[in-house]
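Paired with chain B in one complex and with chain C in the other, chain A is shared by the two complexes that follow.
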Partner chain A sequence: MATTLPAPRTVGRRRNIEKYGWIYMRASGVVLVVLIFGHLFINLVAGQGVKQIDFAFIAGKYATPFWQVWDGLMLWLALIHGGNGMRTITNDYVSNPTANRLLKGAILVAVVLLILLGTLVITTFDPCPANAAPGTLPTFCSSIGR
Partner chain B sequence: MVSLRPAPATKRAAAPRLPAGTVYRGHEGMWSWVLHRITGVAIFFFLLVHVLDTALVRVSPQTYNGVIDTYKQPIMGLGELVLVAAIVFHAFNGLRIILIDFWSVGTKHQRAMFWIVIVLWVVLMAGFAPRQLMVIISEVQH
Partner chain C sequence: MTLTPLNTSALPGVTDAVMNPAIRHRPADGFTTITLIIRRFDPETDQEPRWVDYDVDTLPTDRILDALHKIKWEQDGSLTFRRSCAHGVCGSDAMRINGRNRLACKTLVKDLDPTKPIYIEAIKGLPLEKDLVVDMEPFFASFRAVQPFLQSHTAPPEGRERLQSAADRARFDDTTKCILCAACTSSCPVFWTDGQYFGPAAIVNAHRFIFDSRDEEAEVRLDILNDKEGVWRCRTTFNCSEACPRGIQITKAISEVKAATIRRPDRIKIAVA
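Take a look at the complex of A and B:
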């Protein structure tokens, strides 16, 4: 008598995506504490606080690769961290499968779009743009006649 | 007559006050979880707006300055104070969660660590709040 057994399920071979999500939240969290505390100190505490922030201030920061890398890392790590957190919360509270999928889709779209936009802004930033109104540029732009 | 009741155990274990191994059921463990969620969602929505407003540096300096000036109004200054309060709690409680997960005696000390988080939060906010109020007041007088 020949019996056909269904193909055995693979056990312990499947990669556990949720585990990597769990690890990511902790790993990115530690880095984000440093990045965001530094960000808040430089922008809100040091100097004149939030009053000092304008285009010239940002241009001065982005003139150095240091702050471009800092903000770029913050952008990627924080949006993925936040998006994954929102995904977890959606799975906890939204039991309707259609609503669940729609909400998570919206979170994914928002995260991807903002990461792309933010990365584009940081990498293509011009500290001395030609369309600037008078008095809005950092002082170092005068060296190139703007 | 034969009793159908099961024979009593020779040594009855004391009923635990709480089921063993719970961090999230009641008290500090639960409230830290609630606060972590609320602050996390709030920070996420701010982050969406914050990337968009910063992206205006790519449009023109005057566009960016016009929008960022609204962040300097007193009411927004208070909003920033609340935002920083949420971030500082989320940050320290996140480190507490990591210690619960990876430190061998983390679960045992999770309650104490919650109060350490609160103390650190109070210390940092005691530093930041006066600084931010100073900036807000100088902007009102401006």
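Take a look at the complex of A and C:
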């Protein structure tokens, strides 16, 4: 009886991103827990709580690079995390190849569009727009003459 | 000749219950009448499976398999199911009993609620052939695909076995218990909707060799399971661990294979086929 295989079968498999997708979901999940609860605390609990949220509050946040980075990270990580989750669900439940590709295409478009739009807002946001109604702008706008 | 109404009181041994179906059947001492509602399917006559109920007299310590035998032997010989050893070793009689995958030969009547009907159907996710019998071939194909046999490039010492320490043996002890009953794979919601998924049982059997110190082809199996339909399909719902009649910690085994796949350096492979 042969006890060894002189040439065991080898397999060649196409490389796939599933492993990296799986790692990304775990890593981004951990970071998102901190980012989202930090976001909720700052916006809804700290200071005057939910009453403080108005244009001036948001504008004040986006005037500081810290919150720009925080919200930017949250935007990218959460959208890719959610998009990948939706992709996974589609792969799980949609066996028709055409419908599968259509749905995943729609998810990709939605994710890319929202990321671009969100990034545009975060990076180009003007906290002191001209001709704004008086009293709606953050306090520091008066110091730059608007 | 004129027919006269039968006088039951004049017939010794004939009870009212026999003569009058309106009087409920009374089981013998110690026995309880349980109702099994079985999802039956005859491919020659049925378009769709149908639920059929049977009343069986059972002892509390009877197994569901005994009840199925009683039906097959005493009520309806066409009832079809698999069983071989009938003692929880061969893995033939996995079925869905009250919505949970179990072995009929390891499920006692007293462990279910005998006052309520017991629903029995074939395991899900594999092609239904007849009554409780499914086509196991896709399941075994996944099993074969993970190369579930010892592979070594070196010969063992002449006339000797390959030695292994007790600790090395314990590393994969849990996954040696698999009896290939498919209770895990057919309880997996991912497998229900995606038959291409290798499934828990194949991963358990790959685990058994990946973590065997005598085996030298762990890399090949990790490559196979790093597939799009491999370990990353697992959603850790723990259905498999709950379904396993051998108590294998299946979800843990799958996680260990995932971890082993992540820890090794990634090798870029080009498809051959």
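Note that the second predicted complex is superposed on the first by the 129 of 146 C-alpha atoms of A that agree within 3 Å, B and C clash if a C-alpha of one lies under 4 Å from a C-alpha of the other, contacts with A are read in each partner's own complex, and residues count from 1 in each chain.
Operating definition for what follows: a contact is a pair of C-beta atoms (placed from the backbone, for glycine too) under 8 Å apart; a residue touches a chain by one contact, two chains touch by 3 or more.
Remember, it's a predicted structure, so these values are computed and weren't measured experimentally.
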Touching partner for A:69 - first (chain B), second (chain C), both, neither: neither
Which superposed partner A:93 touches (first chain B, second chain C, both, neither): second
First, second, both or neither for A:114, with chain B first and chain C second: first
Which partner reaches more residues of chain A (counting touched residues only), chain B or chain C: B
Which of chain B and chain C A:51 touches, first, second, both or neither: first
Chain B versus chain C as contact partner of A:21, first or second or both or neither: second
Footprint overlap on chain A, where chain B in one structure and chain C in the other make contact: none
Residues on chain A engaged by chain C in the complex (per definition of touch): 3-5, 8-16, 18-19, 21-23, 91-93, 95
Contacting residues of chain C [partner chain A, same complex]: 147, 151-156, 189-190, 193-194, 217, 220, 223-224, 226-228, 230, 232-233, 258, 261-262, 266, 268-273
For the chain B and chain A complex, residues of the former touching the latter: 37, 40-41, 43-44, 47-48, 51-52, 54-55, 57-58, 60-62, 64-65, 68, 71-72, 77, 80, 84, 87, 91, 94-95, 97-98, 101-102, 128, 131-132, 134-135, 138-139
Chain A residues within the chain B interface of the complex: 26, 29-30, 32-33, 36-37, 40, 44-45, 48-51, 53-56, 58-59, 62, 75, 78-79, 82-83, 85-86, 89, 110, 114, 117-118, 120-121, 124-125, 129, 131-133, 136-137
